[in-house]
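Okay, handing you the structure first.
Going by the order they are written in, the chains are A, B, C, D and E; count residues from 1 in each one.
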Amino acid sequence: MLAFSPYISSLIDQIIGSIPYFKPELTLIITFIGAIIASLFCDRYWDKTSFTITIAGLLLSGCYLLGQGLSHVEMVGFFDMIHIDTFATSARLIILLSTLLITIFIQQRHQHDRPLGDLYAVLLTATLGLNLLTMSSNWLMIFISVETVSISSYIMVGYFSSNKAQSEAAMKYVLFGSICAAVMLYGLSLLYGFTGNLNFDAQSHIAGLVEAPKLMISIALLFLLTGIGFKLSFFPFHVWSPDVYQGAPTVITTYLATVPKIAVVVLLSKLLAAWLAVSFYFSDFLAYAIIIIAITTMLIGNLAALRQQDAKRMMAYSSIGHTGILLMAVLVYQNNESNVLLFYLAIYALMNIAVFIFIDSLESNLGNTSIESYKGLGKQSPVLFTAFSIVLIALIGLPPTAGFVGKLLIFSKVFEQYQNFQSFGLLALLIVGALTSVISLFYYFKIPLNAFLKDSVGQYTGKSNPLLLGIGLLCTLLVVLLGLFPDVLLSAF
Amino acid sequence: MITLTHFLVVSACIFCIGLYTVLSKKNAIMILVGIELMINASILNFVAFGKYDKVSYGGQIFALFAIVLAAAAVAVGLALVLNVYRHYKTINPDQINELKDK
Amino acid sequence: MPILSLLIFLPLLATAFILALPTRYKSSYKYIALAFTVVQFVLAGICYAHFDASQPGVQDLGGYQFVEQLPWIRLDLGSIGKLEIDYLVGIDGISMPLLLLSAFVMLMAIGASWNIQKSPKGYFALLMVLNMAVMGIFCALDFFLFYLFYEVMLLPLYFLIGIWGGARREYAAIKFFLYTLFGSVFMLLIIVGLYFSVINPLTGAHTFNMIYMMNPQNYLGDSIFGWDGYQEILGISARLVGFVVLFFAFAIKVPIVPLHTWLPDAHVEAPTPVSIILAGILLKIGGYGIIRICYSIFPDMAALSNWWLGLIGVISIIYGALNALAQKDLKRMIAYSSVSHMGFVLLGIASLTAEGISGAMFQMISHGFLSAALFFLVGVVYDRVHDRNIYSFRGLAQLMPKYTGYVAVAFFASLGLPGFSAFIGEAFVIIGSFNAASVGTGLPRWMAIAGSIGILLSAAYFLWTLQRMFFGQIRLKGGESWANELNDINSREQLILFPTLALALLLGVMPSLIFNNLNASVLNLVSFIQQFI
Amino acid sequence: MEIILFYAFAVLAIGSALLLVNLKNIARALFLFFIVLFAMAGLYLFALADFVAITQIMVYVGGVLILMLFAFMLSNKELLKDLQDSSGSFLSMPKWQAIVLTLGFLTLMILGINEWQQSIPTWILQARQNNTEIIPTDNNIQQIGLRFMTFYVLPFEIISVFLMMALIGASHLSRKERNR
Amino acid sequence: MNQLAHISPIYTALLTVAAPLVAFLYQALVGKRDQSGIISLLGIVCSFIFAALTWLTIWNHPVVSAQLTWFTIGASTFKVGILLNNLSVLMLLLVPTVALPVHIYSRAYMKGDPGVHRYWMYLSLFCFAMLGLVIMDSLLLMYIFWELVGFASYLLIGFWFTRETAVQANKKAFLVNRIGDLGFLIGLAIIFTQFKTLNLVDLFGEAGLIYQSAVTNGQWVSPVNSMDQIWLTIAGLAFFLAAMAKSAQFPLHVWLPDAMEGPTSVSSLIHAATMVAAGVFLLATVFPLFNESTLLFIATIGTITAASAAYFALGQYDIKRILAFSTISQLGFMMVGIGIGTWDAALFHLVTHAFFKCLLFLSAGAIIHEMTHFKVHSQLDFDPQDLRNMGGLRKYMPKTFMLMSIASLALAGFPLTSGYLSKDSIVISAYEWAQSKGDFYLLIPIILVIVSILTAFYIGRLIFKAFFGDFRIMDQVRDKLLDAPLHEASKTMLIPMFLLGLCCLFPVFSLNPFSYHDSWLMDGLLLDEYTFAPSHNAHVIIPLLLLIGSAVSWIIGWKWYVQQKYPLNANSLSLKAAFNQAYINELYQWIFVDGALKLARFCYWFDRYVVDSLVAFIQFIVLSLSRLSVWMDKHIVDGFVNAVASVTYWTGNQVRLVQNGKLQTALYSVFLFVLLGLIYLIFF
């Protein structure tokens, strides 16, 4: 104790020195408090107060982030708790922008439902958690962030609980999520046992892993992957996602399918970049496991999507399939070369948001999300379905959309690795990745098939929220433009 | 002499019992209990290892955070389970299966 | 004047016009489409007129004409190296005739869609997008650009078949899409591999430039498709894998047996104009891709594997012809005849002789408008009574004498009657593949002889059809009402058919119109590949 | 002596946990859960984590368990019944499969621990050498407090936000009456 | 006229070819509006004049050729050009000379047919193609016109396209010809591969490439390439295959009898005089290519054809079919001529045969024309082409009878006719050839002699049955239709027949009616030396043999058919009648008549049901194959794809099994996979 006290002031200096780099997150925390207060006291006078505060906070946070991004800040703060680098900054920007769009989406879609102030607050903490996730390399910090994100997500899914499906989805989500978190925690405890250190990129941490006994570290790593897998919903931890995506309100599904994945992918790529740099039992094991998981995830996601009748459920499987592609990218991620990954993440976010906006727009007209009910609607709202089809094409990964460029870049990365290492696993990844693109055509094209190729059956009013449709169309346009001129975005990262 | 192995074996047992609970009990509350058992097993690991980490106290602090997080998760989880109960009048997870591949 | 860019992107302008114009002017869409296509055709004609036949092209960028090169995507991707994608278009003797053909067939297709009633806006807009894509495919010299157009082409076709098609249109559309996509996703992998294997000698960056990919000097020694190191994928030579994958990607388009089954379905279900485009242009993309990409980038593997290509060609010829013989649906019969005729293209290409490859190219051109004419002719009957079953008709010659005349001319032209273009193509494919054994390319002579059996079979199914449908006493399934419906062809239809068949005759009598532009490139290609035999 | 106590606590924890799993009455099961948590807290003491043990009792026993009991009391009594459904199809997964799976995990883990026993991690050996082990006389609470305010200040702050969010969320979710 | 004579023969030859083309284009454009055919007639007249001019300039003068570049493919340039030598100008003259009368004849014969405008169009097309075929200087161009000729023939056979039989026949004709075309194409490919050119002058001209190539060490070596010597034989056989199809050689002759479904005038021009002879012309052109074995094969096939067709002719009742079989038989003679190396003799026979066979057909056409008129008038239902319905026509159509007799005599090879010269030239040459070869080869001339006698017999039978005796149909209608008897055909038909009749006589070809060596035609073709020694005895004995044989056969024929002493008339009566005959008679009848007839019938049966059904069988096989391939396509090729799709779907479905909505099933599956994954990753 006494040995410790002389350093306290310098420690506190370091804390204070870290704070300026923490501005974006601090803004989020303050906005969170502001949103709570607004929802408690102000929303009854003007029901858009909390919304306005949230938007303002997100924008402000975005401004700080932009500043960080432009000045290429690279720093370590809070005693190694956070590592800010351009990768994390860009990822946080994508997260913030997506959250911004989703906030608007929520506001537009649910303005007549229950008071939304609390939801914005929860959304903000989720964003905070995600931001931290992209920056931290400390298991404690990571676990807290993951839990923050998870619990916010549970609350968001159950927020409206206006029908059976929503509450069922929320319950399944929370139980499944907590179990995975508990398993991950067990894995973390083992990792801690191997190394006595919580920083995954620390030298001693890796040294501890290197000498760890094989059986136990295999268990630990797989338990760790359980927690990450739950967030990313890759095989075999994907089973919750179709139910939850289908049951949750569409806006929340949009969020779940898009934003958390960005942060977790960033985390996983940093982790793998740190660990796979050495070649020992644990890293080979991990690489092998990830390859197998990626392959099965792509296959399972796409195959299971084939038989789906519900658009949201289908999109859940589709996002599982995309997770497989993302895992490919993560596997070959190397330090300081984040732009391919970021490009795909950005595109992925754009595509998902657009798709869910379209699904939602149709849902608000039709009252359900069954693909069957889209029959013949292509003629009645051609603009919407044309844009929808374009986005689906991007999801398949066909030119001239950005989805294609993203896939191409990832394939390129993997191919390059393959060329260097001649590993069969990477080749298998490539082949399966290509194959599943073909399979994905089947189910994605069910939607245009029903909309354009079949004849109309029911009544359809065709009215839609102009702002949301505008956002959807903007995303679509971006998807096409970025497909033609990807360097605009790529060079920005 | 209580060695590390003692702790590890106990925690492995508790973890597996938790897992079993989670997998087999037909009551959502019991599943939450199972989760808590698993978390407790992890905490036991943490404190057991934390004994050798006097510098940063990583184990014990992690354990403390884990307890807090688990408590919060249980609160939210219970709220959601009760929500389901309002709609379904049951909390048997087997009967809450409206959402599935049709 | 950036004539190729104009050629490619004019249809896009037309699309914009059509989309911008409100639906109440829907009768004007076809005129817009027609006008733009005519302009396009004129531009293609200008290309033809100003084309310097002595330039060799193929693996020599200097030998390409009307070249436009703009930096498009330039990126530094760290370890992947600099990403270098150009907007690079240009034509040589191999692409130029196909470009002209496409413009012509497009014109025919617009003419054939004159009576489209079902949402003409979408129809013509999609048709124009398709138009853009096919033009782009024939002009692109950057692999990335090529792939872009290649995939873009699929989508409008999917919808054109799927929305305006027949009863089983959804099945046909998705089948068509899947087959092609199946080939092309694996092509993408090879493109990526090539990208890493090739560097631009000027900048040192990796490149998608196809011309650079054709030069062995530009390959990195230890790269996956490198020439020096013996790289393997799953124990097979990497270059062979690359060649085979690319070949299958294009062979699906050609199509070869047994990857052809999308074709009859797509044709039968597609509306007439789309059938025309499918047969007239799309199948040619397969052949073009094999020549431009498989052969030029993997000349060593082309020399190695042409025996198998020839075998596939022969099988396609005979199998397609046998299938055509047994069809009861007229359109299906013609679709199978396409399989058979395109088999000649493959056989000719496999011969690796100047005669064979030129013959294959000529056969592609000739089949381009002849099959288009055939599908149009099927459309004529189908428009009138909505039946295509051969056995539903008999003695049509008495009801529709002019129509019968056109059908007879088209049939005979297709079965290789001398004086028409198909003859030149098929004869030189046979001669070329026969010659191959003497040149030493490894194609045995029996393949030429077996291929010629296809000529016999084609006569059989065409004549049999002629006999069943057109000759004899009138006997129609639909009785009197059909007899009233089956008017002889009108002047619009004649306006489309006459130039087509006249062109078939013209090219049959004066094949030099095509060959002159082709020779330098083909000779260059042949000598390029000959180095590796 | 110490080891006997440890075994006693261990047996108590594992035994009541096993009993808990197999009890039909949920109220009793929750009581057993209470015992498990106590026993666990006791085990923490053997790892010289006195503050963690206290927190365990305070948070879990005082918080979580009470919460659960209240949840029961607030809702229907039906919840207290055992909801086991014996007539399960293959997919509804009868118990024996869960047992097999769990035993599989247990076997692997025990095997792993056994393997680990042969090679104590270097950092622990170093800690023993450098005497940086926690010893029973250390004032853990003070040390932990210092760490919270320095090295772990960020998590500490974040978890406050987190708890706030959980509070709001949970209260929102359990509000029975809808405003609208 | 003098000035015209100075026009380059190239141009006159081109004009010869162009005139029918112009007529064809005119008819094609004008269509129905011109039914007179006057333009076509005019065209052929021009053709004839120019052909005559060309012939005058070229015959026995140096060879003339001219070329233009047509197209270049790869490094090889193909030229379009014409080659005028004795052979080609002879053919060039022959075609319009035969075609002109046919055109004139057709004006009357086809009058009133609703599709007559098409008739003229097709006829002009045919003339164009045939004329083009003979003067082209490149094998590729020959091939083009070769097929065009076949195409025109297809059109003309199916002229009455509403008749099922006609349509079947033209399809069959085209397909059989296509088989030959394949042979031609393969021949082309071989020649091109071996010599890198297809130009006739380069190949077969003075010191052509073909003479520079030789077989050494099992390799066929040319200045530019070499390949296995088997290809030399294959090339020869390929060209012969082409000729077999076009010239209706056994077993590809099946299309020709059926082709009689076309108008008779067409049959006379195309299927008797010109097109079918194109095979002989082709073989004469590429003659240097043939090696020993190929030639023997040609001779053998020619003999078989000649013999079999003559037998088939015996059993026919349809007047046109008899003539068709006769044509096949005569073409067989020509093939033998080629096969024994005397292609000049073959050509000679080709020319003479063209005239008399054309005349025979035209006469038959005149009869059919009148019979059809009679049929229409009498409103009876009978086949106007059936010999059994005729008889005694001599009384009604004496001029026709006369002309037809002359042609028949020529066909039978009676002295003083042209047929005597040409047929003897072949038979005698064959004998001489066989002598030089060995005894076994004598079989060929012997068969030829027998066939010649048979020829005389069946043509005699035709004449006797048609023109002598009583008009059989008349019995049925005597009371009703006395006022509408048969009469002579119109002058427009008779005049061309008369012209052709003149051409059947010896002076046109040779001033010496008994020696074909004196013929200008044989001189002109100037085959320097035969590969065998001449035999003077044969020049006396064989003609005598033939003459006597023919005379005897006629006497028998007269007895049987005119005097109604047909021994096999009725089935049961024939035995009774035979009983009264001398033993020799019986034997004779049994061996020769009965046997021959039975053999003839058997052969015809064989032809109908075996050779022809061989075609049908091949058709059946091909159709079955095609059905099989369709089945394969549907069930195996496509089925494979569908199976892949269903497996994919099924797998997808299996994945869904976990997703039954029950939380714990999902959890269980998750941890099961974790456990299995763990075990897999650790232990494997």
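What we mean here is this: a residue touches a chain if its C-beta (ideal position, glycine included) is under 8 Å from a C-beta of that chain, and two chains touch if they have at least 3 such contacts.
Given the structure is predicted, the values throughout are model-derived calculations rather than measurements.
S.K.: I need the common contact partners of subunit A and subunit E, sorted by label.
M.R.: B, C, D
S.K.: Name, by label, each chain that touches both members of the pair subunit C and subunit E.
M.R.: Expected: A.
S.K.: Using the stated contact rule, I'd like to know whether B-E or B-D comes out ahead in C-beta pair count.
M.R.: Comparing B-E with B-D, the pair joined by more C-beta contacts is B-D.
S.K.: Would you mind checking which chain's mean C-alpha position lies nearest the centre of all protein C-alpha atoms?
M.R.: Answer by centroid distance: C.
S.K.: Average the CA atoms of each chain to get its centre, and name the chain whose centre is farthest from that of subunit E.
M.R.: Greatest centre separation from subunit E goes to chain D.
S.K.: Need the CA-centroid distance for the pair subunit B / subunit D, whole Å please.
M.R.: Spacing between the chain centres: roughly 6 Å.
S.K.: Based only on mean CA positions, could you tell me how far subunit A sits from subunit D in angstrom?
M.R.: Whole-Å distance between the two chain centres: 30.
S.K.: Using mean CA coordinates as chain centres, what's the gap between subunit A and subunit C in Å?
M.R.: 43
S.K.: Where the CA atoms of subunit A average out and where those of subunit B average out, how many Å apart are those spots?
M.R.: 25
S.K.: Send over the residues of subunit B in touch with two or more other chains.
M.R.: Residue numbers touching two or more other chains: 4, 8, 15, 18-19, 22-24, 31-32, 43, 48-49, 52-53, 56, 59, 61, 65, 69-70, 72-73, 76, 79-81, 83, 93-94, 96-101.
S.K.: Which subunit A residues sit where two or more other chains touch them?
M.R.: 140, 144, 147, 151, 154-155, 158, 161, 171-172, 175, 179, 193, 196-197, 214-215, 218-219, 242-243, 304, 307
S.K.: Run through the chains and report each pair that touches.
M.R.: After working through each pair, the chains in contact turn out to be A-B, A-C, A-D, A-E, B-D, B-E, C-E, D-E.
S.K.: Quick check on the complex: what are the subunit A residues that touch subunit E?
M.R.: It is residues 171-172, 175-176, 179, 214-215, 218-219, 222, 226, 235-237, 239-240, 242-243, 285, 288-289, 292, 299-300, 303-307, 439 of subunit A that touch subunit E.
S.K.: Touching subunit A in the complex: which residues of subunit D?
M.R.: 108-109, 111-113, 115-116, 118-119, 121-124, 127, 139, 142-143, 146, 150-155, 158-159, 161-162, 164-166, 168-170, 172-173, 178-180
S.K.: Could you please specify the touching residues of subunit B with respect to subunit D in the complex?
M.R.: My answer: residues 1-2, 4-10, 12-21, 23-27, 29-30, 32-33, 36-37, 40, 43-44, 47-57, 59-61, 63-65, 67-76, 78-83, 85, 89-92, 94.
S.K.: State the interface residues of subunit C toward subunit A in the complex, per the touch definition above.
M.R.: 72-80, 83, 119, 122, 147-148, 150-152, 154-155, 158-159, 162-163, 169-170, 173-174, 177-178, 181-182, 185-186, 188-189, 192-193, 195-196, 223-224, 233-234
S.K.: Touching residues of subunit E toward subunit B in the complex: what are they?
M.R.: On the subunit E side, the touching residues are 656, 659-664, 667-668, 671.
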